[in-house]
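After the structure tokens below, expect a handful of questions from me.
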Amino acid sequence: MPGNTFGTLFRITTWGESHGPATGVIIDGCPAGLALTAAEIQKEVERRRPIAGSKITTTRREKDQVRILSGVFEGKTTGTPISLMVANEDTRSKDYSKIQDMYRPAHADYTYDLKYGFRDYRGGGRSSGRETLARVMAGAIAKKILLQKTKTVIFGHTIQVGDLKVKTFNRSEIEKNELRCADPVAAAKMKKMIEKIRFTEGDSIGAIIEIVIKNPPKGLGEPVFDKLEAELAKAMMSIGAVKAVEMGAGFAAATLKGSQNNDQMIKKGGKVHFLSNNSGGTLGGISTGEDIIIRLGIKPVPSISKPLKTITKSSKNTEIATLGRHDCCLAPRIIPVAESMAALVLTDKWLQQMVQNSLR
Amino acid sequence: MPGNTFGTLFRITTWGESHGPATGVIIDGCPAGLALTAAEIQKEVERRRPIAGSKITTTRREKDQVRILSGVFEGKTTGTPISLMVANEDTRSKDYSKIQDMYRPAHADYTYDLKYGFRDYRGGGRSSGRETLARVMAGAIAKKILLQKTKTVIFGHTIQVGDLKVKTFNRSEIEKNELRCADPVAAAKMKKMIEKIRFTEGDSIGAIIEIVIKNPPKGLGEPVFDKLEAELAKAMMSIGAVKAVEMGAGFAAATLKGSQNNDQMIKKGGKVHFLSNNSGGTLGGISTGEDIIIRLGIKPVPSISKPLKTITKSSKNTEIATLGRHDCCLAPRIIPVAESMAALVLTDKWLQQMVQNSLR
Amino acid sequence: MPGNTFGTLFRITTWGESHGPATGVIIDGCPAGLALTAAEIQKEVERRRPIAGSKITTTRREKDQVRILSGVFEGKTTGTPISLMVANEDTRSKDYSKIQDMYRPAHADYTYDLKYGFRDYRGGGRSSGRETLARVMAGAIAKKILLQKTKTVIFGHTIQVGDLKVKTFNRSEIEKNELRCADPVAAAKMKKMIEKIRFTEGDSIGAIIEIVIKNPPKGLGEPVFDKLEAELAKAMMSIGAVKAVEMGAGFAAATLKGSQNNDQMIKKGGKVHFLSNNSGGTLGGISTGEDIIIRLGIKPVPSISKPLKTITKSSKNTEIATLGRHDCCLAPRIIPVAESMAALVLTDKWLQQMVQNSLR
Amino acid sequence: MPGNTFGTLFRITTWGESHGPATGVIIDGCPAGLALTAAEIQKEVERRRPIAGSKITTTRREKDQVRILSGVFEGKTTGTPISLMVANEDTRSKDYSKIQDMYRPAHADYTYDLKYGFRDYRGGGRSSGRETLARVMAGAIAKKILLQKTKTVIFGHTIQVGDLKVKTFNRSEIEKNELRCADPVAAAKMKKMIEKIRFTEGDSIGAIIEIVIKNPPKGLGEPVFDKLEAELAKAMMSIGAVKAVEMGAGFAAATLKGSQNNDQMIKKGGKVHFLSNNSGGTLGGISTGEDIIIRLGIKPVPSISKPLKTITKSSKNTEIATLGRHDCCLAPRIIPVAESMAALVLTDKWLQQMVQNSLR
């Protein structure tokens, strides 16, 4: 089946190339009766945009004005498909004409040609990060449903850039710095490091981010293949540049014994408590109600001004240095995208649980 | 949608509880004309079974005799659903009667009750590792198709148990030791460590395994949501006990610069070569033709004889020590399961690429 | 996608060839908590079996003993896949050896070879009517859910055989005669006609049946493509021998004016009433709450003892007369199958409506 | 699953309300490399538009200018989602304000309120026939693929309006008259009849149309549930106003004996011939290669100026006469829609057959 649809009951289909006329998403399966305005979606879209004046993100600047083309009537969702669209404006396609016949290393140029026979090379075409704009628009609706119906909140933060790791956690700091980092001291160091790598070295750098789902509904996830952690892993790995996903203790669980890793349970004050959260909020593919914790390994931005070896479309050896308006470290801009993907998964599974509860 | 189906064109649906009469799988979408015998499937099933006399795996012993109930005629697949079944024999259900009203920590007991209202507690019911037998039966067919049509080979090996890491790689060693470890020296140490943890400490231990797909077809994977790495991540995270997945450089990419991480390309001897494989075999969700490299973080077996805190079904505080016939370190037995899941993903994407190529 | 799965949330996958070891179905998505016994399913299976001693149905006799292999624990569904199986017993495969190389007219022999390259010719293999046994097993569960949760009842009856049409309707007569006909006078004539066609002429005859869904839930169906009538049409046309489907006035609507066909509405006694039911119970793809009325055109049984022209597998001209144990008129045996398909569609849509209602 | 998606490999998702800003469709799964222009799609869209000056269709006039927003680069499809959009222009929404609180008989007003709790009442919102514009845009691409790759041609024609039936068949006449009728004498009578019903009686009339698929590929269709005839039946019944579907002999098969209905086969001139086509081009759910023949029963347009009984949203009895710009007989305008649906089904199944052929 074609690959541009995500979700089963709350289902999105995205479309659009980086330098085509527009980028959009259809949300099919949003139940009727949700109050919804373009402004609410716009707010999330703004979080994904490059920060004006920032030295660590791309300088591409677009208004990214969200339009609702269907599915909302008199301020409420009607139960019919919601079509959202944003025009592409700042598309300097000629920037790309010279790489038309070259494969940029670590980009999808080579593989798109392998798969499709040719490609829209302008700005990466469909493989561009601009596609994630559609995910964020849809995610804004999913986030609203979760907040309103289950008081679930999703946020992400940068926990490592290169070798620099955070040492403190203060959630209120996250949206105050360009790195979306909960440790302002680390954030300042990370920023300095990124600027040096970008402007002095003409290079880029990888990072690790963490996504936290606070107060998730209990009982979500569909064993055995559609386990909550499996769906989340797919959702995250479908974001370009994400090369690793772990839940709870993750890879560290390899070094733990069962007596250390098993999250013990107690009843206290009338409530069930887990004494630890190594599971990261799921057991057997189903949410326990504890925070869901996901960490993502992000590769460095492939586009760098250092020259690297590559081949041309006609298989000749050459070198390439990618000049242009690129991010240097993707962590802060991937965060709203990853939050959106988490929200889409949870909303879908929450709706599925309605069905599971139907005979009780 | 219900969660017991995996794949789109080559699609499997598994069924069966640990202590029910049987465990099975339907493979729908296997094209007609593949030579297939029960013996071929049996061979893979044997690789998943506990090793007789082993001190590191469960002592549950079943013949696990594979029966083909449909879809094969005169030794060839007919294009209709292939139904495979294995009887459950060695089911000592009374072993479990005492935990009927208790939630075993790090097991799915609590969450199955949350989700479904009650559960088949015998041997973990549907959440038992026995379910993976169905995956291995289906995976055997997928592996055969890949080997025959694209010369693709998939194998897994243990690369870490607790803090012990492999230091050498000799592929021919893998199936010679109980750990499925390519470093026989490390394997011996791992075995000793596991026996100590199991028999002296009454505990269990985590591990890391690596899955390698040699000679994969080029151009597989469906951007944007059904990227090859996204499907593989889901496939792997759907295996109980897997808590982390990474491709290529994985989390280590966080510490790399673009100039280090980007896999450069050259043309040499009439062929395209990548100078490194940090990507792990995919770019933009599509296979490059390089080896596909996946590493999985495996949590320690939850069932241990050390007593731990937990609650009863009626929410009373208590302690539990799980005696029984359990594995101590899951790595060697998860390997054939993970190989199978990889084979299912690849076969499905290979069939999808037939469609993509249809207008050229 | 492979074609042996039906439904989205309440989803069945069937398997089995006519002369293979068994026939079965997996029901994935049946919510937990439904009381269920094999005996209840058996009851519906009996309605589909050839009637002992009947002169109008096949003489193939099998016990058709239903086994529940998974998904039910302590008498209730667990929310995990329900695997149902019936052994194939009375399979005289040698009856078919002579037609191994011939294409029986109006059978699927020719097209299975076209599609798959070869076929299991024994008893029609997968294209045999025996496959509908799996549908009836699954349908029994769907019927139970509908009856229990929404008081919906589904029944079918024969309204025409050849040129003979029913003139009266008495629902209590339906299960009293071999034709499943609500008009006992017509039923007697139909039976006589069928016996003559079968034994004197060595021929078979077509029929029309009607499926009635009493007291369906309101608001079911998913515009625009998955309209309730569209799903029902597909469900019915997927039954072998069904060549026509109509809802409500159906083809007769072609001769009506809007003022005649439009079902007017009034409020009376506190309830909404429709003054007619030309729509057959749906408007715009959604159930109105009125009876859902479907009529099916059934072709004559292809297997007849009159010789007809056909070709061999190697494309030589020949003649064929199908001797064997065949039905003559399929109407009474298709009724439980069509009821089952209707029940599957309704249950699926009823579960989907749970999702639609979630934000209100 | 939400209902606005059709197809599996060649998959469309439509969106848009009658009086919203636009109507659109995403085609996901169109393989790369098909030459495609907006003009080609426009041509089919024109066939669906009301005929200027016609007295038998609506007077709503819109340019319906097709825009390609993604998925095509340098005149060829790229393998990524194709987004097509048409602006809605001639939307006199105030026409509908008076029916905001009334349920128009035989429309979806009542059922949309039942299902969703409220509705976009302007022009029928999502239940408007304008939605079929999206199907025709997608169908244009499917038709092009079929013509180019398999030389398959699909056309429809009106065979009955009220009691008036065609008596002759001349394919070249079809697009020459407003009725899309292959019998010009009958067409003239039909037109006269419709004008009388519309202008003198203020009423509307039903019809029967036939869809013919010439030269279809052999071997298409996926037994058992996704039989070609089952998919076609769903496709057709998903079109508003279609109340009946039959294949080949259809309901008439009820009156036939096996010896009459069975299509005999002979080999002649090196080719396989069927001596009749009662099956309508499929056996066992798979295409034989003969013409595929489908007939559709179309109900009269619900909107008429004769007053009829209905109820208000608050359940009060009232009367309604629908004045406005409505069609009187839908047959000619449904034809391109039904052709499109047939093309979508066939293209999807043709792509699926690529997969089936992969191991041979």
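Here the chain labels run A, B, C and D in written order, and each chain numbers its own residues starting at 1.
Keep this in mind: a contact is a pair of C-beta atoms (placed from the backbone, for glycine too) under 8 Å apart; a residue touches a chain by one contact, two chains touch by 3 or more.
Everything numeric here is computed off the predicted structure, so don't read it as measured data.
Of the two interfaces, A-D and A-C, the higher number of touching C-beta pairs belongs to A-D. Across the assembly, the mean Cα position most removed from that of subunit D is the one of B.
In terms of their C-alpha centroids, the spacing between subunit A and subunit D amounts to 39 Å. Inter-chain spacing, taken between the CA centroids of subunit A and subunit B, is 26 Å.
Look at where the CA atoms of subunit A average out and do the same for subunit C: the two points lie 46 Å apart.
Among all residues of subunit D, those that touch two or more other chains are 1-5, 8-9, 14, 29, 32-33, 79-80, 115-117, 126, 223, 352, 356, 360.
Within the complex, the subunit D residues that touch subunit B are 1, 8-9, 29, 31-34, 77, 79-80, 145, 149, 223, 351-352, 354-360. Those residues of subunit C that touch subunit D in the complex are listed here as 1-6, 8-9, 14, 103, 105-108, 110-112, 114-117, 126-127, 131, 160-163, 197, 201, 203-208, 218-227, 229-238, 240, 243-267, 272, 275, 278-280, 282-289, 297-304, 306, 308-311, 315-317, 352-353, 356, 360. Across the complex, subunit C is touched by residues 1-5, 8-9, 11, 13-17, 20-22, 24, 26, 28-29, 32-33, 67, 69-71, 73, 76, 78-83, 115-120, 125-126 of subunit B.
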